[in-house]
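Heads up, the thing below is written out as structure tokens.
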């Protein structure tokens, strides 16, 4: 698959190569995953996404592990297999236990199900739910 | 809207009415929201969903407030306005602060964005991400 | 709502007006619903969709009522409230009973749920399922 | 792929193994497909889904083959390749002919198309369609 | 609707108010649409999205009107009625003619349709299409 | 993958074979891609889609390359990997440069992101945006 080739370190432009190096340094690994190598054809875009993802997914009012679970939930509903795999791996790295993974799946399944029921029933939003 | 009429207490079958009463008791409110009144045309289905939602969304390895955020994430990606409204209200009732809501939105936006990038690039799942 | 105005009979071009008249004749009603009035800005497109929908949704190897249920299922998963409403009305006109509607909802809910579980688990297609 | 390993019979917990055996008995085959082996990490969830799917997909007001077509329709709109494959195989096992499959595809294509047109046009639901 | 209240000029924080003023200045209108007023609860997020949208949607290798059509296409497939409305209005402001709008709808309908056919058929990507 | 086998030239019915030949002639290549070979089980459907796609995707008020970008945008949001690959190849054949591809990805990412924000915020359509 791939609509563009994945760029190796030697093929990437210097600005892209600098992002690869930053990914390696921040993650403490030599491995740069496919998403970044595909995005590297547009080094400015690559850098913008990498900078933004660090800002958004880091600690804050919501715990980083919880953010990964939210990411998995969105990616599942959008049917993005790559994103589900990469963020499940990230979540495990941040402490996702099998019990948590099991409950995450139950919540996703429940939400998918009632999303369908609500839409098929055409239920209108209760006034009580409007801010 | 609505592909079926919402059932009032008097119109609902006894089994459905019993679920309405259980919703009131468990939630400590007299209000039964539209989803349950639409689903009440099929009392067995209504009861099954209500029972299941309590089992899934209660305390466990994942905190109930986190579960609500996951629910919102799935519902957003599926474009279910009703579900987004009802579960955002539920999340606020369980302690969602404006700061948390703001970060939830940032994570959802980030995930939606990279879901699109990954799919448009046709990125293949890295071997490293496969269990 | 609406990104284009709905066209009344007097505002529509003659080719669009002819489709409106054909809709009335085929359905035995004077009412032309909003979808056709919005699509009428492009009379050739209007005619093509109207002709095609009659060919696809009529009797064949699959019963017309079953086709309406399939249409509702797709429209639900795509979150198209208009389509869910119009095709649920059409299904009722073709004999959808409350029992059938209830089971349709159960199947939709089940499919939505397992779609989510399968995607979150990243399950690969069994060789046995490939044609 | 896979965010969790598929569990073989020996790796699965006794409660999960019991579900595998029930799947085999009910279906009259020795084969247990990947979905169940992935879900088996959470035996209670596995059992709940298996029990529910039997209740929902069995005979009732809607024919089991029609239910499979509805399942395929939802799974297609959600982009769940696994679900499309497994339920197309199930539908064939319940009598789906090539002619029916061809018409199913035509209805799905028609619904997808008008879902897009309706949303891009922002068509409001006709009062006549509201229950 | 709304999971948060829309913020008026007086209710918004100074940083958010500054973005409102920039929107007015750049667009040459006094009107600030609902999206920005909802996002204003998180002024830094508001500013980041407003800055980014200007950078992405401005002139470049792709014409700004074409970018609006691409935006409408994504928003339609995601079922985001608000986004379809706001970007169709923007496209009209940038020169979208009724003929172009008509063709845009035809392409969206065609893509939705074949997306469904391809997924229901489970078609594998041709080697020839891989970069 | 595949819910039906791909039909080779010898296996296809004469009407389907005629479409294959027309694809070859119009495209000036001997290669017939998998989508058409899967659709060929229903020759009338195959011919209708092929005829329609030529009418819709050809020159008109919108440039054919722009139409391909719109097609990619819809297919990305729907998560159709096959469609993304085939239409990115088609776009490259019609002149898509790496700079245009990069900007296309940026617009898709921006639209996905704000689609999520708008839905999670439950923003109502401004009166100003309604036709």
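What to note about this one:
We just call them A, B, C, D, E and F in the order they show up, numbering each chain from 1.
We take it that contacts are C-beta pairs under 8 Å (C-beta built on N, C-alpha and C of every residue); 3 or more make two chains touch, one makes a residue touch a chain.
Only a predicted model underlies this, so the values are computations on that prediction, with no experimental measurement involved.
Among the remaining chains, those touching chain B and also chain C are A, D, E, F.
Chains that touch both chain C and chain E are the following: A, B, D, F. Sharing over half of its contact pairs with B-C by residue number, the repeated interface among E-F, C-D or C-E is C-E. Rotation angle, chain B onto chain E, C-alpha superposition: 120 degrees, expressed as a multiple of 5. In this assembly, A is the chain whose CA centroid lies farthest from the centroid of chain C. In a homomeric contact, the two copies may use the same or different surfaces; for chain E and chain F, over half of the interface residue numbers are shared, pointing to the same surface. Spacing of chain C relative to chain F, judged by their CA centroids, is 21 angstrom.
Centre-to-centre spacing of chain A and chain F amounts to 26 Å, using the average Cα coordinate of each chain. Chain C has its Cα centroid 34 Å from the Cα centroid of chain A.
Across the assembly, chain B contributes 1-4, 49, 74, 76-81, 84-85, 88-89, 102, 104-106, 108-117, 119-122, 125, 130-131 as residues in contact with two or more other chains. The touch graph of the protein chains shown is complete.
Of all the residues in chain B, the ones that touch chain A in their complex are 1-4, 6, 31, 33-35, 38-39, 49, 52-53, 56-57, 60-62, 66-67, 69-71, 73-78, 80-83, 85-89, 97, 99-100, 102-104, 106-108, 110-115, 117-126, 128-130. Chain A makes touch with chain E in their complex at residues 1-5, 125, 130-131. By the touch criterion given at the top, residues 1, 3-4, 41-42, 45, 49, 74, 78-80, 125, 130-131 of chain F touch chain D in their complex.
Those residues of chain D that touch chain E in the shared complex are 72, 76-77, 79, 81, 84-85, 88, 104-105, 108-117, 119-122.
On chain C, the positions that touch chain B within their shared complex are 79, 81, 84-85, 88-89, 98, 101-102, 105-106, 109, 116, 122.
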